[in-house]
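Across the two complexes that follow, chain A remains constant while its partner is chain B and subsequently chain C.
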Partner chain A sequence: MGTKKFLTGLGATATAVKMADVDVITSFPIRPYTGVMMILSQMVANGELDAEFIHADGEHAQLSISHGASAAGARTFTGSSGVGVTYAFETYSPISGGRCPVQMLIADRTLDPPGDFGSEHTDALGCRDQGWIMGWAETPQEVFDNTLIYYRVGEDPRVRLPQFNCHDGYFVSHIPGDVEIPEQSQVDEFLPPYRPVDPLDPQNPLGHGPQIFPDQGPALEAMRHNAMMAAMPVIEEAIDDFGRIFGRKYAPFVEEFMTDDAELVFFINGAHAHTARYAIKHLRERGIKVGLVKIRFIRPWPTDVLQESLSRFKAVGVVETNSSFGIARGGGILAPEVCGSLYDVPQRPLIASFMGGLGGEPITLKEFDFIAEKLKKIAESGKIEKPVYWLGFEE
Partner chain B sequence: MGKVQEITVWASGVVQDKEARDVAQCLAAAAAKEGKFIQAFDNYVDLPDRVNVPVRKYARISDSEIEEKYLYENHNPEIVILVEPTLVKGVDVLQGMKGDGCLILNTGRSPEEILKFIPDKTPLKKIACVDAMKICPKAVIDFSGSEGAVEAAGVGVGIGAVLAGAAAKVSGCVTIDSLMSEVGNPEAAKRGFDEVTIKEL
Partner chain C sequence: MATQKVEKTKVDRIRSLAKAPMDDYYVSGHRTCAGCGPAINYRMVAKAAGKDTIFVGPTGCMYVANTSYLCVPWAVPWIHAQITNAGGIGSGISAAYEARIRKGKYKGKFPNVIVMAGDGGSSDIGLQALSGAMYRNHDLLFISYDNEAYANTGIQVSPTTPYGARTTFTPPGPVVPEGKKLWPKDLAKLIVGGHPSVAYVATASIGYPIDLMNKVRKALNVEGAAFMHIHAPCPKGWGFPADKAIEIARLAVQTGMWTMWEYENDEYKINIQPKKLKPVSQYLEAQDRFSHLTAEHKAKIQNFVNHKLAMLGIKVPVEAVTA
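And now, the complex of A and B:
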């Protein structure tokens, strides 16, 4: 039997990384993710974890080292936050294009300006098109579990893609919660050693990421697209196996709460789903039929699952803890993807987005009440009065 | 939503960082042992801390699940503990306290003497002093538990245990038995519980 520990998201990540027996860790400090490297470096120093720990001179180098290590066949872990994530931006496409299953923790932090440690998802979401698997965890337990699940999916020979393992800075990274730590034998059963398909090896020379002619481009891009699409069934398999081995059953892509008879739903990713659940309980006491749809993977985006899920409701409120200035509909990054997913469905809900939690401000129970009220009005009138609301700025 | 009892611990940055965190963590762990719902975390905005700059650590205890758990501060602390007693002179440590509050200081001075430094005593029900360094002359300076990382030097082995014991006596937020089972130095916690000087207001 495993043990129960009271850990932050960073503590949970480090424990999972250790149990995944990673070979190479690359670090560069930036709040709030730094703690994970404090723990891992101590584990390496104590001899608890046999891994190369390389401290880089910046995030670009940090990710470049991870790229090389992974290309040579090492299970590799790295991480960053906020502007650290964006500083390494150039490296993300070469890593996924080289089909190197590096795992990177992103503990979200608001991008500058001004300097702000609070969690906003724009740092990670800004990298959503780089061919990395990406999703959010809500609790330290989910962080622990996702760390193992992401390695398993990313290293699967049918996928071979790097992964952004994201959670909210401070809310999840720094506030501890109960985490069940499994037996090492369970982790070993779930996550076999990484077997690279074509590692860089002096005994068997080959090249990765060469310069190509334009006519070779489409095929390479199609391969990366196919790999991302192939991740869908692999994620489902991994989640099934995870439930069998560890006894915790996740919905692979979309977790629903109180949706059976719901007419309105909050659509959300990450930490604020916690507060949303309590808001829903209180709203239901007042007779408002509201539920929650929490998305666990942003890449690959589960279009089919969302079509089936969201078409059952009258109105969907997309909670956006990110910003994309000038995007379609003028709000955050998720709502246009939700709208795009539902365009082909004859029975579509009405969709509005709610900009909240920006700069890392907590989204309060009252703000969820506001969202529900607006959704109720939208459902009753059968039309949206406007596509985007800014929480705290509206009547 | 049930009431959340808020505990705020003040200390000097870096040098008392760990002991202050230990007070919050030990009280929260003891409450968890009693079946309560708890949180314990550092003030995120104080960090990264600097030597002797005031820093805050928080514990939150509730009979029911904590619904809004992503707050950055304890806005209405009922129990305030000063690992660094001189902060009482320069910082409004009772800010947000709504009445029936407890203030506990790590000092050899008497509660009466300390009261002179508190301009508005209305939110206070009790003030208490305990000379933690005399009881357990060990203040651990360690950074492993900061920034959401994992504590490596043992929790509640130094003066933090004494102050947590004193807080248990003064406020009754946890029993001394459950506290003693959660600290590295139970004897220090017990002496803090037994030797704290309390003045009711």
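And now, the complex of A and C:
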């Protein structure tokens, strides 16, 4: 069997990328994701990984080179953080529209201004509508596992979509944890070599991305939509296989913690779920029936799973480590999607947003206490007084 | 491991038009304007490169007019790039074949990777991606087909538009009588000047097809990155009859408005050098885009051309201007 290592999220990503036998890697420095490229370049220099390691002229170039390489049949890896993610924005839709399964690590960082290294999810969430699979990992182990799972799902001939493999900057990217490293044979069983469907190849000449006229647009958009929806059962299959081969069983889309008798839940993506688990244990000692619903994939958004899960609770507190100034309900990006998911359900919980962790601040146990108190009040009164709370600015 | 070389194939010189390959890989069915210089250029480049080629086509005339209704006029693989990132897409294709052949994941030959970018997609918004590809020395040929404007969007000024040209963003008027007031970027010199890894840089013109096709073959035979800047007149944008594209292209060389050279082994080599240059006014007066220019403007352009030729080491007398 494999070995156990004490790795950061970046170290875990690099190890998984190496075991996935990636062909082309494109780098450009920006904190906090940079470390993954430092490790990978050393692996290439040492001869541990046979890949083209390319110093791109910016993030836009990182993604452009990855696009060309993926279209020519290579398994590719790239990554970025913060404004690096937004600098490459133009390239995201052509890559997913070209059905190129590029994988990009996003170690979240706040967008400017002002310059701030801390983790905030707006960099990645700002790109959520570009046709990329997207989700968050909570620990270095989950980072390692997601890296392999995302390649497998994205490269599946039924899907063929790129993937944003996200985790919080510093909280996950830089804080080490135990990571079980499997045998190479296990990885090879789970993740077969990439077999491109229609690569750029003179032996089979094809045109990629010609212009269309408006009447040809709907069909192409529907195909990309169908690919994203097709990812749902493929993710379930991959998670099943992952459990069988590696012995770690994940809930495909939504992981619950202490929800069996819960009336209130924290709804979270990413690293702050880690703190929430501790907060829940403390709160339960005080008799508050609170649990955690952690969402593992934002795209595709698991509407059905959430309907089933969240309709069991009285109140849901959506923890938003992102901004969308002027969005519906005036909070973050996730709450409107949660509300939208539940609109058709007869038995709906009451939902409030809690803006927290902005600028890369930790969300403290005290703040989780505050969220639980507000949820309790909402559940008892049966009504929402305020749809959005800004943690640290409330009475 | 990563230093192991991937085998590359070589191609021979074309000795005359009669001996040029009969096969075409840029074929009919596209919707370019009659007499389109960039389309004539594309046909020659594809003919010279042959079937083991992948084209990268950033947004521009050669995207918009060539690929309508999900159809393409190439008999070889082609991929669209954004107007910004053709150099990046080309770099990625080349890198993918390096890795896949080296790792035994692809069994065929290393293909010719040719980026075919307009002047905007290479000298302006695509300059960073071009420079990155040249600096990293990927095995590819980047061609800038120069019709001296953003033509498919309706003839807007680009960095290679000549001084004094009328475009829809540089209309002449009482306050700006000359139209475009800036001197053009010299893209090929820019590549030579700052990219020491690049082993082959050449200029060419659709007016001289044998020279053009052989330069393409030479560029493809080079290991690593190569660059060509190809003059491709645009009847619609420049204002001349559609059957005069080749004549205008030759007149550009005969007046010194366009120069034909190669750069390799740290040296410039002038390829086509008329014994006597015609005055630039002959070139300017053959095109509607210069019809508003005064004698003073034309003299400025003649001085600019004289200076440019002197910098290249071309010392040829100019015929007397008869105005």
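As a convention for this text, the second predicted complex is superposed on the first by the 395 of 395 C-alpha atoms of A that agree within 3 Å, B and C clash if a C-alpha of one lies under 4 Å from a C-alpha of the other, contacts with A are read in each partner's own complex, and residues count from 1 in each chain.
We take it that contacts are C-beta pairs under 8 Å (C-beta built on N, C-alpha and C of every residue); 3 or more make two chains touch, one makes a residue touch a chain.
The model shown is predicted, which means the values in this text are computed figures rather than measured ones.
Given the alignment on chain A, is it a clash or a fit between chain B and chain C?
Overlaying the two complexes on chain A (C-alpha atoms) leaves chain C and chain B fitting together cleanly.
Go through the superposed model and pick first if A:L292 touches only chain B, second if only chain C, both, or neither.
The answer is neither, since A:L292 touches no partner chain.
Looking at the overlay, does A:L283 come into contact with chain B only (first), chain C only (second), both, or neither?
Neither partner.
Look at A:A56 in the shared chain and tell me whether it touches chain B only, chain C only, both, or neither; answer first, second, both or neither.
Only chain C is touched by A:A56; chain B is not.
Figure out whether A:Q42 sits in contact with chain B (first) or chain C (second), or with both, or with neither.
first
One more residue to check, A:F6. First (chain B), second (chain C), both or neither?
After superposition on chain A, A:F6 lies in contact with chain B alone.
Per the contact definition in the header, classify A:I333: touching chain B only (first), chain C only (second), both, or neither.
neither
Given the touch rule stated above, what does A:S64 touch, chain B (first), chain C (second), both, or neither?
Touch partner of A:S64: chain C, not chain B.
Between chain B and chain C, which makes contact with more of the residues in chain A?
The partner with more contacted residues on chain A is C.
A:T91 in the overlay: touching chain B, chain C, both, or neither? Say first, second, both or neither.
Touch partner of A:T91: chain C, not chain B.
When the shared chain A is used to line up the two structures, what angle, as a multiple of 10 degrees, is there at the CA centre of chain A toward chain B and chain C?
That angle rounds to 100 degrees.
Is A:V187 touching anything from chain B or chain C once the two structures are fitted on A? First, second, both or neither.
neither
Between chain B and chain C, what is the tightest CA to CA spacing in Å in the combined model?
In the combined three-chain model, chain B comes within 20 Å of chain C at the C-alpha level.
What is the shared patch of chain A, the residues that chain B and chain C both contact?
No residue sits in both footprints.
In their shared complex, at which residues does chain B touch chain A?
Residues of chain B touching chain A: 1, 29, 32, 39-42, 44-45, 47-48, 65, 67-72, 143-144, 146-150, 152.
For the complex, give me every residue of chain A touching chain B.
6-11, 14, 31-32, 34-36, 38-39, 42, 117, 170-171, 173-176, 271-272, 274-275, 278, 362-365
Would you pull the chain A residues touching chain C in the complex into a rising list?
For this pair, the touching residues of chain A are 21, 23-24, 26, 44, 47, 50-58, 60-61, 63-74, 76, 90-91, 94, 98, 193, 200-213, 216.
Can you list the residues on chain C that touch chain A in the complex?
Contact set of chain C toward chain A: 1-2, 51-54, 56, 63-64, 67-72, 74-82, 84-85, 87-100, 102-103, 105-106, 108-109, 111, 128-129, 131-132, 135-136.
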